[in-house]
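Here come two complexes built around chain A, the first alongside chain B, the second alongside chain C.
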Partner chain A sequence: MTGFVKRNAWVIGLFALFAALVVLTRTIQPDYGAAGFGSLVQAVLPFAFAVAAQTVVVIAGGIDLSIASMMALTSVTAAVLMDGQTESFAILVVPMVLLLGVLLGAINGALIVISRVPDIVVTLAMLFVWQGTALLVLETPGGAAAEWLKSLLVGTVAIPGVPTAITDWIPRALVVLLVCLAVVFVPLYRSRLGLSIYAIGSNNLAAFRSGVSVGWTRIAAYAIGGLFAAMGGLVLTLSTGIGAPIPGPYLLASVAAVVLGGVALTGGTGGIVGPIVAVFILRLVRSDLTFLAVDPNVTTIVEGAIMVVVVMLGALLALRRRAT
Partner chain B sequence: MRWARPDRRAPDFHSLDPRAAPPPVTDSDPLLLDASGVVKNYGAVTALRNASLSVRRGEVHALMGANGAGKSTLVKILTGAIRPTAGHILIRGKESNVHSPAEARRAGLVSVYQEPALIPDLDVADNLRLTQTPVEPFRAWVKELGVDALDLREPARNIPLAVLRVLDLARALAAEPDLLLLDEMTAALPANLAERVLEVVRNQTRSGRSVIFISHRMLEISALCDRATVLRDGATVGVVDMAPGAEEQIVELMLGEKTGRAERRRATRTGEETVVDSGATPRLSARNLRVGTKLRDVSFDLLPGEVLGLVALEGQGQDELFGVLSGSIRPSGGSVAVDGRTARFGHPADAIAEGVVFVPGNRVEALCMQRSVRENIALPFSARIPTWGPIRRRMENGRIDDAIDRLQIDTRAQAEVQRLSGGNQQKVTIARWIATGARAVLCFDPTRGIDVGTKREIYRLLRELAARGTSVLLYTSELDEVHLACDRAVVIFNGRVVDTLSAAEADEPTLVRAAYGLTGTAARPAPDAPAANADPVGPPA
Partner chain C sequence: MTKSRHLLPLLTGAAIAVLSAPAFADGYTIGVSNTVQGNGWREEMICAIKAQALASGKVDSLNIAHRNTDAAGQLEDLRNLIAAGVDAIVVNPSDPAGIGAALKEATDAGIVVVAVDQAVNEPTAYIVSNNQEEYAYLGAKWLFEQLGGKGDVVYMRGAAGASADSDRDKGFKRALAEYPGITVAHEVFTGWQQDQGKQQILDYIATGAPIDGIWTSGIDNVIVDALVESGGDLVPVVGADNAGFVGQLGSVEGLKGAAVTNPGSIGGAGVTLALQILDGQKPSAQTVLVQPELWENVTDDGKAKLKAAADPSLDPEWPVSIMIPDWTTYTKDQIIACKGPGE
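Then we have the complex of A and B:
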């Protein structure tokens, strides 16, 4: 038990920080309740997928600057494919768009592996490529989304026999998020591919010498990142009902949440839970500041300050633990 | 800067230097450089205990010593890169005031280090400007050293290594140093360039300039140098006038009293003798392996159930050899066979699939430091794409537990390998291969920098592996331990196998002679040969 707490100290700390923030929100805004939480989850959803995408890539020792562009491209593709089609056709669109995401990510990874150009350069270039492609697919915001898919993200889950006072606190969007994350991450943690991803991020040379196919593993990590970006793109289309070709503010937010979530940018450490909690924290701070009617420009300063302070605090604690 | 004087009450090791006080300043002082009683401590670690070195005007002076004897520390102190804890350094009879390589240069002391010093992204002309080296003398020296066509606008990274070394030397010579310090200058040079370099170095002394020459090639030393200072365990143990037979004296001095100790240790060898059938099909055999200019022609057989020692000075091609055998480097010639079948390794996974596995000496290159012990042991299981699937926990856990048990790895801090002690980390690198069932283990200096107890355990483990039929190729820089752990030893010099010895023959003196390329050129003398013209500086009792 103590071993579990020790290993996951960072994530537990983040949960505690989040709980403290919820309490703080209640004092600022006494009527903040299930509805507020529901809209928070709605707002977090695309960010959370961007964070999941970035997490996999960063653990593998890379970084993907093209995540927001991939989300835009998959979003408009989904909107165009569903435009003017029947409701049931959408069931084909979802796997197609997810596959597109895997393909985009795999292209990123393959370019890095083959060209040996640093990740940050290749994905910066691909940021522009995917953004341009998104504009080719759909020049102005438009398209459509199937109603049944849209309804997946709104409202709460009704569980028979459970009072609505509790189910009100379980928005559908949260369930969608957790299911999507679990479907990818649980098998990944239990597979050798997952171990290989951690290994190449931790020590490329050691992984190579242990016989790991470093190149293929890197491509796979980027492909999984692309898959999550596609989920993010789909969520964007479903929550707005249209596709927008201009990338949203997801890239820097994803890097911020990854850092705050305890994943070292040098790779090889951390997990998915930390960054997801971190993205909730960052969004909640933002809405709290809005409730307080703080100047939006100050809001970004506060967000940055929180990141620096928390990460510094973490480094300090890690140092002290090592000293003892 | 004032260095603390060496404690005068301490046993006086520098009988070499009878003067108790620094001598009066005279320009006619025959000693250009006179360092005495130099001590360097890094915290609790002592790199130099009592080093001295004196260089006369117009001589080529060799600085000798086994790996770890303190040569490079002394060189760094002389060139001002680090400061000594205690000791006197006199340049032209005056207390030296050198605190940086730039000041050393101004004092007339210029060094050429083992690694090329030109900045790769700048062209040659800009590199010269950086050190304010005049161009014309530089050009003249480059020509003199046997490199004819040189474009000064060529970026240094495009220039071959051998030429770079020549440029380093030419740049040093163009500064007209009184004292030139050459560290392994000829190691990367082809024979014709090396010859020119030696000639130029010899000519330097005609004009009263001096050279400190560091080399692993004993033949060069005896051909070029006037005297040699020998370091052992951080102290100067003797100064030898180079004369016929002086090589043997140098070797004796480098070894100290270890000749007798080896005899005693042989009796303590672990009981696990393996019967090696020399007629069996070799587990791993190398035939005429070549890699670039480093590994020239190496053939040997590693028999089943044998621990084969590989002995070499630094940079004799052993890194390349291990790279080829473990699948990280492709050879430029020759072949490798496993159990008699020719094998081609394009990736370490190919070698691992054949049961040929690599334990690097630098644990940082082998382990994912932030990951757990179990993950590190399990890593090779996930080698190639077909095995990316689910982990079969039960099977895997059994093998991991078994390996951890057999190696008695301390698992209290197993969540992150980086929190383990060095010895336990090294055990993890070996444990992973035990868990995968390796048949030939390639160990590259596995006992470097770990404590004596763990060292013994690792040797015991290697013997145990051999007893169960696994073959072990063991490169070690600790020559006195070869006969403890190995059944046979192969000596590599300059990219070639120069000697193969049985465990009984492989005592340290024999290995050192072979490793310095002395076998065949000089007869092995009786162990108690008189040190005729040696000038021993009383080794500490």
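Then we have the complex of A and C:
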């Protein structure tokens, strides 16, 4: 038990911080409840997938600056494919768009492996390539989304026999998020590939000498990142009902949540739970700042300051623990 | 022990933050959502909203979500405003369709929604907007007439996909159809960003292609700057009534041009309409359009209008029409102070 707590101290701390924020939110806004939580999860969705994409890549020792552009490209592709089509056609669109995401990520990874140019340079270049491609697909925001897909993210889950007082707190968007994350991460954690991703992020040479195929593992990590970016692009299209070719503010937010979530930018450590909780924290802070009617020009300063303070506090605690 | 020493100031801080939250009396609370930050027009809109809320005397507090974000981010802001329990929301939409879901949730919750500047598709929302199609038509028609109905025009649009931009495109195309001798030599989206617009025109000037006139979607004074700096011929420029451009029309030697009014103070009109609806006076139509005017520096009449409108005391990126008759009641000092109720 103590071993579990020690190993997951950071994530437990984040949960505690989130809980404290919820209490604070209730104090500021006494009628904040299930509806507010539902809105929070809807706001979290695109950020959560962006941070999931970044997490896999960062654990593998890389960084992907093209995540927001990949989200824009997959979002407009989905919106264009669903525009003017029947509702059932969307069943085909979802896997096609996810596959596109895998392909985009794999291209990023392959370019890095083949060219041996640093990740940050290649993905910065690809940021512009994917953004330009998104504008080619759709010049101005437009397209459409199937109604049944849109409704997947709206409202709450009804479970027979469970009172609505409880199910009101289970937004569909949360179920979608957890299922999508679990489908990829649970098998990944248990697989040889998952172990290899941690290995190449931790020590490239040691991984190579232990028989890990470093190049293929890196490409796979970027491809999984692309898959999550495509999920992010899809939820953007589903929540707004349109595709927008100009990337949203997801790149920097993904890096911020990765750091806050306890994943070292040097690679090899951390998990997915921390960054996802970090996204919830950052979005709830945004809600609180809105409830408090804080000067909008100050809110971004507050958001940045919270990040710095939390990460510094964490580093301080880690140092102390090492000292004792 | 060490722990509590660190925690105590933190908790006190949180307690102060909670206690200092605005107390809700009997006046209204109005939420504001805007997704372009750091643009003079939008800043004037926000200041007009604050000034009108203060001048009306009916608003206790404003809750302003004002940042650079996309439609999904505006959905988040709107839902936060709904959860904050505001009485009305004044929104400058990032997309006419993309934020429909949250606008519907707001009106379902009994919140009055007023879209300013640009239209939204959601039928339950009220709209107070400048007539953007007419804005473009007036300026383009004047420009094409100046050129004698013949020549190559650079068409510098706003932000791709914004409904104000697509409406202006309709007006521009309508004028273009009336003057078959005019060709659009170059068409770009400035994104309503000054630096981007200036770079784009400098790049085009560098190609050496002939330019007979420039129509801008309000990124205007930097275009004149670029023309002057590049040392080429000054061609006629059409812009908006931004203080810097209006000043240039009077001061830059040899510059012919026209400013079309597009008041950022429309935000104040949005507050007025929202308060009227909250007080039970619904407008006869869901959409209220404010008509633009054109001030040119070619005729004496136009010059007089420009001179009367010019206001060097304003920020060069601010539209000079800082008030809208019948819709705003604040003073110039109030909008420049940019303070809302309780600030």
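Throughout what follows, the second predicted complex is superposed on the first by the 324 of 324 C-alpha atoms of A that agree within 3 Å, B and C clash if a C-alpha of one lies under 4 Å from a C-alpha of the other, contacts with A are read in each partner's own complex, and residues count from 1 in each chain.
Please note the rule applied: contacts are C-beta pairs under 8 Å (C-beta built on N, C-alpha and C of every residue); 3 or more make two chains touch, one makes a residue touch a chain.
Note that the structure is predicted; figures quoted are calculated from it, not measured.
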- What is the contact status of A:131 with respect to chain B (first) and chain C (second): first, second, both, or neither? neither
- Message: Contact-wise, after the overlay, does A:55 reach chain B, chain C, both or neither (first, second, both, neither)?
- Response: neither
- Query: What's your read, chain B or chain C touching more residues of chain A?
  - Reply: C
- Based on the superposed arrangement, let me know which partner A:236 touches: chain B (first), chain C (second), both, or neither? second
- chain B versus chain C as contact partner of A:77, first or second or both or neither: neither
- Regarding the shared-chain residue A:69, is it in contact with chain B (first), chain C (second), both, or neither? neither
- Would you sort A:108 into first (chain B), second (chain C), both or neither based on which partner it touches? neither
- Message: Touch test for A:192: chain B only (first), chain C only (second), both, or neither?
- Response: first
- Query: Can A:268 be said to touch chain B (first), chain C (second), both, or neither?
  - Reply: first
- Which partner does A:140 contact after superposing on A: first (chain B), second (chain C), both, neither? second
- Which chain A residues are contacted by chain C in one complex and by chain B in the other? none
- Complex contacts: residues of chain B adjacent to chain A: 326, 328, 347-349, 351-353, 358, 360, 364-371, 375, 378-385, 387-391, 415, 432
- Query: Can you name the residues of chain C that touch chain A in the complex?
  - Reply: 14, 17-18, 21-22, 37, 61-73, 75-77, 79-85, 95, 97-101, 160-161, 166
- Task: Within their complex, state which residues of chain A touch chain C.
- Result: 24, 27-29, 31-32, 35-36, 39, 42-43, 46, 139-142, 154, 236, 239-242, 244-246, 248-249, 283, 286-287, 290-293, 295-297, 299-300
- Considering the complex alone, what residue numbers of chain A touch chain B? 3, 6-7, 187, 190-193, 195-196, 198-199, 202-203, 205-213, 216, 220, 264, 268-269
